[in-house]
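Heads up, the next two complexes both have chain A, just with different partners, chain B and then chain C.
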Partner chain A sequence: MKADARRLSVHVPMIVLSLLAVFPVWWMVVTSLKPENEIFSTRLWPASPSLENYAYVLDAIPMIRILWNTFAMAAATATAQVLTGLCAAYALTRWRFRGASVAQGLIALSWLVPFQLTMIPNYVLATQLGLLNTIAGLVIPNAAAAFAVLVLTNAMRSFPKDLIDAARMDGAGHFRVLCEVVVPNLRAPLASLGVLVFISAWNEYFWPLLLTRRIEDTVVQIGLQMFMTQEGNQWGALMAAATLASLPILLLYLVLHRQIIESFMRSGIR
Partner chain B sequence: MVQTFDITNAMPGRATARRVVLQPWVYLAPTLATLVVWIYWPLIEALYLSFFQWNMLPTATPRYVGLDNYANLLTLPEMRRAAWNTVLYILGLLPLSVVLPTAVAMLTQDLSAPFRNLYRSLIFIPMIIAPIVAAVLWRWLLNDDHGLVNAVLETVGLSPVGFLKDPSIALWTLVWITGWKLIGFATLLLSAANGSIDPGYVEAARMDGATRWQVIRDIRLPLLSPTILLLTMMTILFGAQWSFVYINALTGGGPLQSTTNVFYLMWDYGFQSYSAGWSATAGILTFAGFGVIAVLCLWLMRRFAVHEG
Partner chain C sequence: MLRRLCMTRSLSAALAATMLAAPAARAEMAATITEPVTITFYSYNLASAGLGKETTEGLIADFMAANPLITVEPVAAPSNEILSRVQADIVAGQQPDVAQLVFRDLIYAAKDLGAQPFEDLAGDELAVHAEGMVPNGLALGRVDGKTYGLAYTFSTPVMFINADLFRAAGLDPDQPPRTWAEVKAAGIAIHEKTGKHGFFPGAFGPIDGTFVYQSLVMSNGGKVREGNKLTYAEPAAAGAVTMLRDLRDSGAYADIDVAAHMDTFASGDLGMFLFTSAIQSRMQKAAEGNFELRVAAMPSFGDKPTAPTNSGSALFVLSQDPVKQRAAWELTKFLTSKYAYTQITSKIGYLPLRLDIVDDPQYLKDWVEANPMILPNLEQLTRLTPNVAFPGPNYRQVESMMKDAAAEAVLGSGDPVAVLKAAQERGQALMPADG
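Right after this comes the complex of A and B.
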């Protein structure tokens, strides 16, 4: 009896938390599949599921285009952050040089600066450079991040120095060492960083909010907000749009959930 | 002087030495350039802007006003309201991002592996859901007329709640949505830390006749303190920023300014009322405030965190 109660007390909090986490997402998907006459019913699965809400969304906004923009932006941001992070981490772990701690400090402190503080100068600069309503404009300011550098610096600290030295003795230049020795051996941390940056870039809200004003040039988060402002009470359609916006990330999570959780936890919040 | 770890560069010679001094900077250049152009230089520009009045039109020249922006903002009730709400957001988030996860981590420490992995994958999901998607789906769940939550409240005989319309509730609704994304993640972080505690300590305490509660209080909590303090610090420093999306998407700071906070105020001054000077001033004040808090937090962490061994 007592053992059973103990076991139950272990499961109950987790079941409650799991329901709390999953149910809203479930409800979003269910609502998106409900035909118009069922929208206000509280059934947990539509009596006659239909895709009419999805058809409506695809008709009302250029959703495919928006999803493609988002994919391009997230993939480019992830690639850029991994590459710049790789170079910076190599410099910080490979050499001891004057100014290294200043560089490290500049990198580490940058994520304390709230975006709302730098948004006006950034917006002005982006406008002057003609980056408004472009994917490049969304990527360039995020091409490097403290977070990527920190993660890769940690990964490289534990990298066997003998391997690098051996390659150097063979006369390989630093860039070749980086490409041919370090990268192949750091595949796992590089990939998990890439996925992490991809997800957070996909979910990025603030900078696209400033930078993109036309719905065909925007990313899915802002597209969803524009759709909500336009058709705020078309619940079925709104949930269909929200489902489409999250589907790529949810699919990625379905395949890689263990690695994604691991890398989020290893690198803290953000 | 420069020190390198490889033999080829250890031989003295002016040319090699200079190349070594330059080389790290070449590799650091893309990162540093991005951070300087898009974060540090704008930070200085924001400081500069805070002494000016400017409506953000390229044709208008900013007008120097000295410390007027600071004087005005510090006496503005709107700013005081936003600052107080910022405190409320942070205080409201702490139970969701620290207290509750700690409790759950303690309660569920003996979960067997298959269950643990299932729960892990489920409770982590909100963390990867985009904030704006979270905003949209909670807006639907909490809708006044047709939302599921109010439907349930009505079936059990309670009157419906205006989750986003009632000025005394709206802020807490936004706190909940912000926290919803964090609970699972914080729980996993604390469970992992809890799981890595050396069972020897717990065993030894049990042998000495310690009760379950004493083990938690005297062994687990102190050993978890680095993680608990880290989550607390993250919530204090970033909690109010995380809620920005929900304010902007769901309430616009209302009803009756009840959900605004300093980060929303900066946005509002900047891109709604186009007073760049005020926005920059609010930004500098906030940044300075949080800077002081960050230093305090780091000091506290170093002082009070108990490290194993």
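Right after this comes the complex of A and C.
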């Protein structure tokens, strides 16, 4: 009896919290199914559900193309940041060179530089290099990030040196050590960093706003903004677009949820 | 918000350096286009899904079909980001040719962005093109006597009315309030008898409503600035704000989130809503099957005539190249032609700057007959009063401080005049010293 009560006292708050977490997603989907004159109804399910908002979104903006652009940009940015972060972290932790701590300090300081400060030089350079309206233009300025370097430097510092020394004594070069010894053992922080960078890139707004001039070259956050104007928000269409935009991330999570949860727990990244 | 402010400031600084380095001499616009030329058109209508985008794309396509030597490359940016976009492209050497900018940026566009005055650019062609425009039409885009912007998509504040709430409160929707005293009485009646909200002006909050605030101020005989002197705390201007405060204290003024005024009205919970006619089609869709929507003219202060000012945007020619200037001028003429205003009014809901097309069966006559809700707004065009932009590099901060002070004066608990005076004093320090 006591055990049941205790279990109940644990489960009830968790069920309530889960419902609270799921409710906004539910509301987004429900709103996306409501016709215009039902948008402000508080019913939990529309009186006459329809897919007209989805049809409108797909007609009004090239949503599939935009989602593909966003996926390509986010995946490339995540891959690039993980790779550059990995190489930098290896160099900073394994190689002893003059000024190593200064280099690490400068990388850490660069984290504090706001995007607005580098935006114009980056934009001028991207224009001169012909990177306007390209995914490469969206990715290259974000291909290396202080956050990735610092996370992986910390992870590599706790990596057993003996393992690396043993591999070196066996004649492995730095690249082989990195690929065959370090990476397989750092899967958790690498995966969690990759997921964080992917989500951050997926939500990127200002840089794509500046760099892309055509709707078919842009990314999903700009697409969503198109349903929010000074003349009011098109809530039904906005929720339909947001539902479509969250589907790839949701699918990714459904496929990889075990690995993602495990990697977050092991790496300590919250 | 802070990120946007920082972005605008860093762009302004970079742009100032670029403009200083640019050559001062300006070439004369080409007489004709003889070779293919490509120009850019920066538009915020293109950055919104729906009728604004479709209509603008249609107009661009029509223009290119009529002018085969000119290719227009559209560049989309949201209305609150479009200036930053134009600034960034000038800095990057991607000179914009035609830009749709909001009226608050008028003086900045004229003095710092390199916009070309149409009198210098087009000479007599401007007068020919302006024939048929409402008398104050050209004045909307004028700075120091020259026309830098041609009014493109714009409107004046109208009163949206929920007729069902009027009836439920024992009011007659066929006799909408004509004065602010009547608005107060109607607002109280709606609030007390239906439990819903009475009145709300779309003047404050994150959605730009400066034109509503300025319309109120000017309708009471006030001004927000005279020359470089801020005057929004002077008695007539402050009187408009104290009137709103009185509405709030009486319960006639809706106690709602300032960011949710449109949604509150669309949901049927607000009796009267003063805002741009550009939202009319959206409100019609929201009202369908829920409540009866009516539109009335902006109320007046007693028997003083109202002075409705304009929301929306003007077209600016920024081209430096003579051939592109000609192409840009041709595009500007097309986008402010009878045909274009017919499209803009009937499809998006903005006002036509040319009143002669309203009765012309070739243009808007049939549409106006089928959509009588536009009539109060058309009538207001006869009293159209240009929106007042602020000068100097700090113009956005000055306007922002004024809006915040007016909101605090109406929605806060302090003395409204004291709040306005304090803000005016602080704002004055940011205004240009001369003039």
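The working rule: the second predicted complex is superposed on the first by the 213 of 270 C-alpha atoms of A that agree within 3 Å, B and C clash if a C-alpha of one lies under 4 Å from a C-alpha of the other, contacts with A are read in each partner's own complex, and residues count from 1 in each chain.
To be clear about the criterion, a contact is a pair of C-beta atoms (placed from the backbone, for glycine too) under 8 Å apart; a residue touches a chain by one contact, two chains touch by 3 or more.
Being a predicted model, the structure only gives us computed values, none of them experimental.
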{"item": "A:Ile215 touches, of chain B and chain C: first, second, both or neither?", "value": "second"}
{"item": "First (chain B), second (chain C), both or neither touched by A:Tyr54", "value": "neither"}
{"item": "Which of chain B and chain C A:Ser9 touches, first, second, both or neither", "value": "first"}
{"item": "Comparison of chain B and chain C by chain A residues contacted", "value": "B"}
{"item": "Chain B versus chain C as contact partner of A:Phe198, first or second or both or neither", "value": "neither"}
{"item": "First (chain B), second (chain C), both or neither touched by A:Leu117", "value": "both"}
{"item": "Which of chain B and chain C A:Asp165 touches, first, second, both or neither", "value": "first"}
{"item": "Contacts of A:Phe147 with chain B and chain C, given as first, second, both or neither", "value": "neither"}
{"item": "Touching both chain B and chain C, residues of chain A", "value": "39-40, 114-117, 119-120, 124, 127, 206, 209-210, 225, 235"}
{"item": "Contact footprint of chain B on chain A as seen in their complex", "value": "9-11, 13-15, 17-18, 20-22, 24-25, 27-28, 31, 39-40, 42, 83-85, 87-88, 90-92, 94-100, 103, 106-107, 110, 112-122, 124-125, 127, 140-141, 143-144, 146, 149, 161, 164-165, 168-169, 174, 199, 202-203, 205-206, 209-210, 220-222, 224-225, 228, 235, 238-239, 241-242, 245-246, 249-250, 253, 257-258, 260-261, 264-265, 268-269"}
{"item": "Chain A to chain C touching residues, read off their complex", "value": "36-37, 39-40, 57, 60-61, 114-117, 119-120, 123-124, 127-128, 132, 206, 209-210, 213-215, 225-227, 229-235, 237"}
{"item": "Sites on chain B touched by chain A in the complex", "value": "2-8, 20-21, 23-28, 30-43, 45-46, 49, 56, 58, 103-104, 107-108, 110-111, 115, 117, 119-134, 136-141, 143, 146, 148, 151, 180, 182-185, 187-189, 192, 230-231, 234, 237-238, 241, 244-245, 248-249, 263, 266-267, 270-271, 276, 279-280, 283-284, 286-287, 290-291, 294"}
{"item": "Residue ranges of chain C in contact with chain A within the complex", "value": "3, 6-7, 10-11, 14, 46-50, 52-53, 73-81, 84-85, 88, 91-94, 207-208, 262-263, 266-268, 276, 278-279, 282, 285-290"}
